[in-house]
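What follows is a set of structures to go through.
Shared between the two complexes below is chain A, which has chain B as its partner in the first and chain C in the second.
Showing the complex of A and B:
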């Protein structure tokens, strides 16, 4: 479990990005963190892994404080940055150097993931293309078997077959003790993987809900006329009519469109709050 | 007129399982794919497959033998058909009826085409059964 307790954070002490953020992240789920450019997504991830510290309040990851950066904490968490860095080492040298930091590292799985993502290298890792480097880091991170896995835009730079391989790998490594936390703009790449959605904007938490909860509170439809007398969070003209995200008054069980939900929640945060706070 | 853009994923998975049973790809009383294997195959969250399997269990279409896995119920077929029919009437038929109305296609024409379709597509197969 990851707990944010009244966390405030700012890159300058005068201008805070997050103010009094309180959020609880449960094990056994894949979280999707959505936000516009500059909304503070990466900042949130860095606070969890301990490369940035809260100005006030706290973050606790499975009962540990990231800021202290104890080895006992660091061996339980892996953070894949958006722009990965690999040194001038071969795969084997990299593994020999970094795998010992992760006691649950599984070497067989590591090579299996590399094969599945079609990463093959004879030479040094830094000679690889960006996409290949990224896939290498993903394979290494998954093989580390950490309880917490944070990923910042993991599908950026991945080619079309790799995105589908990536989803398969994530589905195969998920278990009830793990937290997989993914920050992304590429919602469609991961729409069916995410079971909890967090939307941040302007340093504020606009939405934190499970996919089941979202389907319960709102429905996604295409209509010829926008219905009157119900809360419509978002609407958009489409080929077949108007796509709407609206209050789910009929107990529909529709599939989610996270893109439309995101637009609705960021354009209409007050209405979203109303819809999601009712029981 | 309004229609759902798409179904909840867990229901799509439940339909997939039912389809496999109807097509006899997954025989009655046989063990079916584990939650993880189906999640990997479908590229979805394992929790979503869990939800689909819970749903199918409630409908007594599959059963969970602890520590062994999930199995198709021996008498699942009637309930599979009932579930698929419900889904069809609720989701697919309204779209079909709407087009029928807008394009002014008489029921008789549909009936004729329906018979022809069944003749061409299923006749031989039905004789084999």
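Showing the complex of A and C:
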């Protein structure tokens, strides 16, 4: 479990990005962290892994304090940054040098993930394309079997088949003890993969809800006329009418559209709060 | 699990640190040794044995140590590189020790061995090239000997400068994420200039006709055409000496460890 207790963080002490953020992230779930550019997504991940420290408040990851960066903590968490770092080593050399630091590393799975993601195993890693390097890092991170896996824009640079393969892999490695936390602004890449959504904007937590909860509270429809007397979180003119995200008063079971939900929540945070705070 | 220090984990880290960037580290070593060799031969050609041995040792040892210490913590040029380094499951003490070991004992061992070998080759070649039947043979032979590392004032002073500059470079490379070597050089030059002028100001208040007032040992005053050196009282000299030899490098090297623990990226 990851707990943020009244976390305040800012790159300058005078201008805080997050102020008194309280949030609880449960094990056994895949979380999608959504936000605009500069909303503070990466900052939140870095606070979880301990490469940034809270100004006030605390973060606890499975009962440990990330800030201390103790080896016993770092063995249980893997962070994939948005850009990729790979040294001038072959895949085998990299595995031999880095894998011993992760006691649960699974070598067989590592090569299986590489095959599934179609990563070329010949030559030095730094000579691979950005997409190939990214897929290599994802395969290595998954093979480490850490209890927490944090990914910052993991699908950036991945081609369409790789994105699909990535989703399958993430689903296959998920278990009850694990937390997978994916930060992205490419919302469609997360659809049908995540079971919890967190939306942040300008350092504020706008939404934290499970997919089931979202389906329960709002519905996604295409209508010819916007219905009256219903809270409409978001509307967008389409070719065949108007797409709306509105309060689910009839208990409709509509598919989740993350992009529309995200637009609705960021454009209309007060209404989103109202809708999601009702039982 | 020991979260402060584990010998097996440290072994893995040292192996990873060296092999991960083998070309960078070996390249830095090779460049430093080549530079030392070049300097030795050029000064020998232009001046004499004494300056060649001293200057090649001073610049190679101090400059080489600084270059190498700028490499050992140079992970922070990219966000991903820095994050990968900081989140690698090893303690800050182990990571710091790795850097210290490479830019300290390992560098000293390689540099001193190379310098001894290079100096030995040059001196032996010189001695063998002398005409044994010449009446000047003995004096020419005695003109050149192997460079002495023990009880050599130049080596002692160079070691003091090495420990200080390497410490400053390690701290600097953990503060400046990009082009740390240049930025640290600028900061150190700025600080030396500030200390020089501060020292000059203070000395000028106490003495007239100050010639040079470089801090530490060199305060010279002019008396007509003569130049005299002002020496510190014995106790003050000892305090200054101990400060520069032990306290300042100790503070700098420990600051590098503290900075590594507190490093954010």
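Here is the rule we use: the second predicted complex is superposed on the first by the 279 of 279 C-alpha atoms of A that agree within 3 Å, B and C clash if a C-alpha of one lies under 4 Å from a C-alpha of the other, contacts with A are read in each partner's own complex, and residues count from 1 in each chain.
Throughout what follows, a contact is a pair of C-beta atoms (placed from the backbone, for glycine too) under 8 Å apart; a residue touches a chain by one contact, two chains touch by 3 or more.
Remember, it's a predicted structure, so these values are computed and weren't measured experimentally.
Undergrad: Quick one: on chain A, after the overlay, do chain B and chain C clash, or do they fit? Just give me the call.
TA: On the shared chain A, the partners fit.
Undergrad: Going by the contact rule set out at the top, does A:87 touch chain B (first), chain C (second), both, or neither?
TA: second
Undergrad: Once chain A of both complexes is superposed, is A:97 in touch with chain B (first), chain C (second), both, or neither?
TA: So A:97 only meets chain C here.
Undergrad: According to the stated criteria, A:74 is in contact with first (chain B), second (chain C), both, or neither; which is it?
TA: Once the two structures are laid over each other on A, A:74 reaches chain C alone.
Undergrad: Pick one for A:130: touches chain B only (first), chain C only (second), both, or neither.
TA: neither
Undergrad: Output check: A:49 vs chain B and chain C. Expected answer is one of first, second, both, neither. What do you get?
TA: second
Undergrad: On the A-aligned overlay, A:221 touches which partner chain: chain B = first, chain C = second, or both, or neither?
TA: Touch partner of A:221: chain B, not chain C.
Undergrad: Quick one: the Cα-centre angle at chain A between chain B and chain C, nearest 10 degrees, please.
TA: Reported to the nearest 10, the angle reads 150 degrees.
Undergrad: Could you tell me if A:257 is touching chain B, chain C, both of them or neither one (first, second, both, neither)?
TA: first
Undergrad: Shortest C-alpha to C-alpha distance from chain B to chain C once the two structures are superposed, in angstrom?
TA: 28
Undergrad: Using the superposition on A, tell me which residues of chain A are in contact with chain B and, in the other complex, with chain C.
TA: None.
Undergrad: Which residues, counting only chain A, touch chain C once they are in their complex?
TA: So the residues of chain A touching chain C come out as 46, 49-53, 69-72, 74-75, 77-79, 81-85, 87-89, 93, 97-98, 100-102.
Undergrad: Could you please specify the touching residues of chain C with respect to chain A in the complex?
TA: 1, 3, 6, 9, 12, 15-16, 19-21, 23, 78-84, 86-92, 261-262, 264-265
Undergrad: Mind listing the chain B positions that touch chain A in their complex?
TA: Those residues of chain B that touch chain A are 1-9, 11-12, 36, 39-48, 51.
Undergrad: In the complex of these two chains, what residues of chain A are touching chain B?
TA: Result: residues 28-30, 164, 167-168, 171-172, 174, 192-195, 211-212, 215, 219-224, 241, 243, 252-257 of chain A touch chain B.
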